[in-house]
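You will see two complexes here that share subunit A, one where it goes with subunit B and one where it goes with subunit C.
So, the complex of A and B:
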């Protein structure tokens, strides 16, 4: 089957192996090592790592469209946030009558706004499976509608980037409004349980961390399967010479649209896994700044490798946590400095550096190069 | 009333339901037929009442000074530019003016650009793989597996264009001439009925030119080939029939000898000196 095809690849096996190892190591250090031991991983850290992993999945989704298809989306945060809101709505409904106002059906903010019934678009969200479906469908449909119009009109390059930016900005403004029925400024928060498990227990957090890791592995595998297939090569062809691809008989706009939709759905899943772990979703996630930050993760890690996006997301977010703890004011400068340094010194990102070192080692060994070459960016 | 009768008629197939991809009909001879085609850009008439007929299996050279409308003509045939008026038919069944680029390409019109355009990040082999004539919609492309048959076909073309030992290299490292070759190879993989080749020998050495000429003449017969070229020596070496374009319409047509002795052609090419 085409989905298992990347498992025959060395890089995919290494990636999945490292991910699996890291996940089991964290689990082990969290559960087995006693709390006062220096190697103990606290529940807080597990939770933080789970958040990073959901960011990593988001970065993979962005790398799929940016690295391979050449579509620089500055609005992927929108798909992430929509997935997050879909999950948040489910978690809101799960609160039931335990809210501050104790209303059996309405979330607190609706009671506060003097609403007396659920808006129609909140119906069904009491079921987990319906919400899970919406996590995929809502970002997917938005990406489909947006992409259909944009790609059919052959909008590409910087114009498309600006439009994606406008999309996420418009959504942010809309979600800020109380009348939208998504909690306005405050968003959705105060979640209690998910599928009957209390979200505040350490075990649930550990499980969420593991599920996120699994989702990252599957998402990575899907993206890798796409980029190693012939469709992946068509994507690169669209990226580098769109007109030529069209004259070969490929419908460039359909290739762009389908990959864009897949990417948006992955971003939605990432958002849905993010929300129960951080316990809140608000319109801030739609902010254009966040979407730009995602692009920076991918650029730092290295475009068009997928694993580079994961490395970038983990590193930058770890640095962010560290910096905002030690000297919060310096974080944006540090981010800017990292971005400039990497662009100047490592144009292909950290993954490019690893690739070069690998090449050099291989050359020293003086072995003939048999592996299929990585695509240059 | 008539319209409603059509609607209830069980036997009737609606126009939009008729499959577009019916085989090209060349029973009447010509494979490409342009009639009274005109197009202007900002008031400049790039193509002016152009009439052109290409027979099935023919090798035709089109020459003309700069700005004669050669490339615009190719843009019109491949669907990149829409003419203001006129009609363009592929065989006697397909109206090219109603189709878009991918449709026209899958119908069997292949095009080589003036500037060699290959996918530089992909290997030579992969470039040919993408060009291969097959179902090019999304799912079949996603699930297609490399088979021995495809491999053989690509190897065959690799041999033909002389890039066999470079097939694992990214196309970006090829020389200018090799890129031209690769692009012709990609056209061959498409198995087109009609090949439009824009300046195939620009920037080639004498030797490379000879091989290109051999290749193109070898193609004629199975495929119709239209070559746009500046290089007179090259045109003389391959052409049986030459069309001279000037200011967007046909100035002269015939064998190379006929054309080159035509006083109007001499005037256009040599200006006041003639």
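So, the complex of A and C:
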């Protein structure tokens, strides 16, 4: 076998079990329990949870490159947004002549800008499968081009982080321009239906939530497969001692590039699932702040665990929803404090904390043992 | 003065149709009253006569009267007294006596009637005022008037100007007036005058030449064409100089913003994402200083240079002591933690001061511009900021190269353990270096407050640019930062006209991303021992 350790070890089994349980529980509580019952899960909550799950998939993608490859990408929001835009373009084309201006071909914003034909890069987006392909290809190609240039010339560490940040910043500026043909400031919105299903019905929302959950499970398994494979071991080696790995004969830049591209594609899928659920995609998703926020989800959850990324994404986003509802001014204080406290006091995140607690319990039971899974920082 | 009187008599008197004037030297103010009364008639033609009369009267108050008339501020009270409107007070007007000049307080609008004028009269008034100013002994008045006359010369003025030019001693007034006269002559189709305009960059001269170019006179048209070609060439040079100036000024802003980072990131290896917010603190210090010293924006600005340095520097030291020292050797974690600090600082400013932009007043000696020629003028505030950036840069170079602190900083950077065994307190050096870099960020904020709005997002706008400058120039190299900042500023300005501001910025970012692939260590990579990671 090419796997160096079983794919379904304990943490994966628990994670998938909990995810499936939660998904079926939410479905049950939404469909079976009557609306006035306190345990009923409203369509709004289902939608919100679906959004969180797409964020969780994004966090897993970031954890793959940061936790296992040691590349701190401050630009994963760009891949997420590109996937989102690809999906958004398909959804725009599905509106057809039901827009405000009722134009049979052109989306509203193009009619507004007095364009008379679709730009070439919009062609083909009326087909779902083409759009789905683009969701993978566009972020993948960008990651390939960027990664090829960066890893080949051995740009790593902080330099790479700043470069990825500049990348997403440049894309944000570009997408803000009306001339780009992606709706400028307002982005793409006002979606109607997807594959013939009305996006605004509760059933579609539930299905989207379930699909996102499924995508998260698959994405998790893909990442798990990568990190448990030989490739994954080389990744960790690159992270911990890049030069030594290179001297051992491994092509470090190829390892970095391939995993980086996979991660970008996963982020693209997450974006594509995010857009139909929130009903809008605009250049704000490209903002450096969003990309760096993803990193704190992973850092809080605990990196190089994959499930930690999911926990972090869910926790931080739940906290964000709660704060923006109750005291919006305090959210940035809380987020800022989280950045500082997690990095200084909790370098291995919640997953590390849980690990430590487990260890202590075991140590009390058995004899003290050396902690072999020490994560280099 | 006798010349003035003579000229004016020559000019106006024949037209004035020999009204019998009361003696201008009369002790009583009958003359003034009489002059004003002649203005207060219904017919615009009669008013034109009256204006001529006033100009020829050589009355010292004539200028006031005429400019008030032009502005609609010369009014008559019901009692028949003429007043000048000085301002408003609620619904009343503040007036002064037109004859004696004494303030009369507020008078109801309804008790006053304005002496109305029409467009031909306005033109007449303007050239009359210009002429009065030309004869003024105040040099500034003469210069301003000569400036105004360019392109506005009419036949009557053209008749007097040559004589006047012989008398004028100030070079600038002389030059402006000859230009004005030459424009008039070209408009009249005088071939000789085209020669005079051939080097001029004034837009009115170009208008006159363009018109002459399309005239029927083949000789004149050809001469005008040649002159325009020469002007176009000169304009191109001027435009290039202007682009360079704006580029360097933008570059010096970038250098100011990045130089602090070049110290904390380049010399110490600490990624400080809160650098932008330290710039913001510097800008807010300027604002606070101006609130503390109302009415003295200049003094406040000068005081905020040390104050901004202290505020940002102490905040930086607090950040270093509180957070960064615990993350030594973990650059990615430092990046995240300082980013958190930047969020907190931003939100703190939003909550404590205001989420809205604050305005910082530009002191008088910093506003305005220096006109190099008609097509090129350099704004003063940018010039000051350029000088300031260079000054800060020189000071930093001095500190790092020539002082004890600089020596220790370089020692700790090169070999921490060796430096410590030589008795250098490395943690103290860390603290001071970080404070120095942060303080310089504060200085950048003080300078930026003169160029942009001061708001909570001020720093965010500069953080990515600053990192780009440092990375482009080569980490750990102050000279690299200077060259990189200046060249990025100039590149941006060159790209902007044909790509637009946003696209230019994107292109610069893409350029740097590609550049880093070629030279991962920037323009001026460190060599030797310092280069070791």
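Throughout what follows, the second predicted complex is superposed on the first by the 359 of 377 C-alpha atoms of A that agree within 3 Å, B and C clash if a C-alpha of one lies under 4 Å from a C-alpha of the other, contacts with A are read in each partner's own complex, and residues count from 1 in each chain.
One rule holds in what follows: contacts are C-beta pairs under 8 Å (C-beta built on N, C-alpha and C of every residue); 3 or more make two chains touch, one makes a residue touch a chain.
No experiment lies behind these values; they were computed from the predicted model shown.
Set against each other, subunit B and subunit C differ in how many residues of subunit A they touch, and the higher count belongs to C. After overlaying the two complexes on the shared chain, residue contacts for A:166 are found with subunit C alone; subunit B is out of touch. Using the contact criterion defined above for the overlaid structures, shared-chain residue A:116 touches neither subunit B nor subunit C, since it reaches no partner. Look at A:36: by the touch rule set out above, it reaches neither subunit B nor subunit C. In the superposition on chain A, contact is made by A:337 with subunit C only, not with subunit B.
377 are the residues of subunit A that lie in the contact sets of both subunit B and subunit C, per the superposition on chain A. Interface residues of subunit C facing subunit A in the complex, by the touch rule stated above, are 271, 323, 326-327, 330-337, 339-344, 346-348, 350-351, 464, 467-468, 471, 502-503, 505-506, 509-510, 512-514, 516-518, 520. Touching subunit C in their complex are the following residues of subunit A: 72, 146, 149-150, 152-155, 157-159, 161-163, 165-167, 169-170, 173-174, 176-177, 288, 292, 295-296, 299, 329, 332-333, 335-340, 342-344, 347, 377.
Every residue of subunit B that touches subunit A in the complex is listed here, in rising order: 78, 80, 101-102, 105-106, 110-111, 113, 117-123, 126, 129-131, 133, 136-138, 141-144, 168, 170, 172, 186, 190.
Chain contact summary for the complex, subunit A toward subunit B: residues 2, 226, 229-231, 233-234, 236-237, 239-241, 243-252, 254-255, 258, 373, 375-377.
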